[in-house]
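Going in written order, the chains are labelled A, B, C and D, and every chain counts its residues from 1.
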C-alpha cells in the first residue's frame, strides 16, 4: 500500500524532527520543511529562525488575527513566540552566516554524493532565485535536505549535480520517504530505510553509489 | 595684550562654530573641539554625534543627575536631546565612515599643507591610540582641525608631518587663534587672521608655505 | 527643517533611469503608497535594488508588470512570474544576489566600506567574475557595495525629525537601505511628535531620512 | 535550559591564556562585577579585545594594572597610563586598531564574514602588513575578523532566556561581541521574565547568550 503525497510529506517531516536537539536554532525552508515544526517533541526546546527577520517563529495565527507586519520568509502570516526577537536582514544573515543556526532544513532539485546541492535554478526554465538558501547552506552548522526521493520517477540524488549549484559540499544529511542518508568523505551512507522501502528500492531510486553498512535502521510513519 | 589660554580656546571654538550649517551632523573631538558646542548660533540646528553610540549629544547634566549609562566619547556624563537616538559601535562607525557626518572637529599634534594629520602617536613617548579619529577623519565630509597655532613655540603646521599619520590628505580647514587656513591642491591658503595676528605673525608661526590672497579676512574674539 | 511631504512631492523626486532601493520582504514592510504612485506615474528604466520582486499585484511587483525596471538586483523572483518572463526574453536584466550578500552589499554602501568577504556563493555561478580571496585557508568572495539615488522605505512610527521605529518583521532591509541612498524617503504608518519614540527604540536615526510621507493613522 | 549562574561560576569558565572580548566604552556598559571577580581570581596571559583599557581603577583597567593581559587589541589606551608603560617596556603587546575597524572586525567574527574593506588607515602605519585592495579606483585595507573564546558583556534588562536590552550609550560594543565568541556571558543590571522585553526592543537575541549573571536590582 503506497503512501499518498500527504503521508510522504508527513513521514519525511517527522523523521527530520528527530534530528533536532534541545536548544537548537533551526531555519526551515519553504514548503515541505515547514512541516517539521509540527513534529518537534514536546520535551525539547527548538527556536525557529525566519530569515526575513526574527527568532521564535510560531504557528499561523487564527483567521482574522493576521498581522501584515508579521510574516514568514514565504510572506505568509505567522506568530512570534514568547522570548522571540526581531532584527533587520543584515543581522538575520549575520546569524545565519555566523554559525548561530544549528540546522537548516531545505528542499532540493538535486543533491549529490559530495554534498553538493542544487535548488535555485533550472536554466532557461525556472529561476526563482536563491533567496536566502545559499547563505543558509553555507552558514548553518548542519544542512538537512528534506525531499521526496525522486521527481516523477527521475533521480534527484546523483553522483554529481547537473543543475547550477546552491552550494558546494555543504549537505550533511538527506532525508526522504525512502531513506536517511549521510554525506561522508567516502560517499553517501544509507543509515535508515523508510517505512515501505527496501535496500533494493533505495538503490534503484538513487543515482549515486550508496555505502550500505551491515545494520541499516528503519524509521516509521 | 596677549590672550590667555581660555580666551585662545574660546576664540578658536567660536570661529569653528561659524563653519557649521543648519542641519549639519557634527562630531566634536575631546578637548578644545568640545567647546564648539557652546557657540552654535541659536537659529541653526546642529546634531552632535558621540561615536560611543548616539546622536543628539547634549550638555553635561546637573550635578547629581549623572547617568553612568549616558556618557560621551571621553567617558564624561552628558545628556541626550529630544529627537536623539542610540546605536551600537558598528552602526556608529557606519554613520561616520558612510559619509553621514557633515563635519568633524579635531585637535592635532601636527597637520601639513597636504592635509595630512598626525594626532595619535608620539613614538616611544605618548601613544594614546587613534580611538575613533582615523575613521572620523576619513569618513566625515569635512575635517576641521581646531588647535593652538604652535606648541610651546614649535610649529605644528608643517610642510610635511613627521609624526605617524592619522590620515592622509583628509584635512579641509585649520582654525587656530591666529588664522583660518584652507587646504587646497596648491597648498595652504590663508583665509582669515585671528584677532591679534598679522600676516607676518602667522608666517613666522607656520612651518609651511602659505598662499596669501589679496584679501585676507579677520575674525574676532 | 520640515521633512513632511506629500506622496506626489515624493514621487516627483524619482526620475527615469534612477536607481532605487525599496524596503520590504515579499511586500511586508514595503512603502506601498509610494510604490502605487510610482506605478501611476509610470517612470521608466529604473534599476531596482530590493529583496525580491514581490507579487504581480503588490508593490514593486506591480512596477515589474508595468515594465518600469530595466534592471533588478534582487535575491528572489519566484513569486512574480512576470520577472522571470522579462528575464528569459531579455526585456530586463535580473541580477540574482544571495539574500545575505545583498544585505551586506547594501550595508557596505551605507557604511563606507569597500566590500566584504563572504563564503556564500563559493563553488557556484555566483562567483563568476568576482575576486576570490583566501583568508586563513578558507576561500571567500569579495562582494561590492550597493548604493541608490533614492531609497523608499517604510516605518511604523516616524517622528517629525525622521527617527524611525519599525514594527515586527517589517524591518527587514529598511534600516540598511536608509543609510545607503543619496535621498531617503520614508513612508510612515504614523507620524508622531519628536520625543515620542524613546531614543533607545529608534531603529533608524533621523539624520538618514530626508523626507517623510504619510501618517494617515 | 537555565542560563542563570553566579559570578563565581562565570569566572570559573575563564582560564589562563584565553582570548576575551569585553563590552564597554571607557567603562560605560562594561560588566564590572565579572571584571572585578577576574581581578580577584588573577587569571593570567589573557588576550583582551575591547574598545579601550579604561581607567586604572576601573574594570579592564584594573586587570591591566594587575598584569593579566599578554596582549590587548584596543582602539585607545590614553586613559590608562599603565597600558602604555607595559607596551613601551615590552611587558605586554598592544595592537591599536581604529575604533570603526575594531567594530567591523568583531562584527565579521560574529557574522561569518572573512573580512571587510575599509578606507580607514590608508596612508598610515595601520596599513602595515595588510592587504590593500582597490575598488572603483579607491584603495581600501582588508581587515580580518576577530573572535574570542569568551565574551563578557553587560545588559540592562536580560530575560531568563537571554534576550538583552541595552540602556542608552551602554550599548557600544556589547551587541556585536555577543555574536563573536564561543561562549557569551552577560552581566545583567536586572533579570526579567521571558516576555517582559518586547521582541521589537530586544537588542541581542537570546540565542547568542550562554550564561546570565546578576540581577541584583
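Criterion: a residue touches a chain if its C-beta (ideal position, glycine included) is under 8 Å from a C-beta of that chain, and two chains touch if they have at least 3 such contacts.
Since the structure is predicted, the reported quantities are computational estimates derived from the model, not experimental observations.
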Chains in contact with chain A and also with chain C, listed by label, are D
Among the chains, which is located farthest from chain C on the basis of C-alpha centroids? B
Given the two chain pairs B-C and B-D, which is bridged by the higher number of C-beta pairs in contact? B-D
Please work out the Cα centroid separation of chain C and chain D, and write it as a whole number of Å. 32
In angstrom, rounded to a whole number, how far apart do the mean CA points of chain B and chain C lie? 35
Whole-Å separation of chain centres (CA-atom averages), chain A against chain B: 56
Taking each chain's centre as the mean of its CA atoms, how far is chain B from chain D in angstrom? 29
Do you know which chain A residues sit against two or more other chains? 54, 80, 86-87, 93, 96-97, 138-139
For chain D, write out the residues touching at least two other chains, lowest number first. 104, 107, 112-113, 118-119, 166-168, 199-200
Touching pairs - complete list by chain label: A-C, A-D, B-C, B-D, C-D
Note which residues of chain B are touching chain C in the complex, please. 22-23, 25, 45, 47, 54-56, 80, 82-87, 93-100, 138-139
For the chain C and chain A complex, residues of the former touching the latter: 25-29, 51-52, 55, 74-79, 84, 87-88, 94, 96, 98-104, 106-107, 118-126, 156, 166-176, 203
Given the complex with chain C, which residues does chain A contribute to the contact? 50-54, 67-71, 73-75, 80, 86-90, 92-93, 96-97, 116, 124, 126-135, 138-139, 164-169
Over in the complex, which chain C residues touch chain D? Could you list them? 104, 108, 112-119, 131, 133, 135-136, 138, 140, 142, 144-145, 165-168, 199-201
Can you name the residues of chain C that touch chain B in the complex? 1, 107, 110-113, 159, 161, 163, 179-180, 194-195, 199-200, 202, 205-208
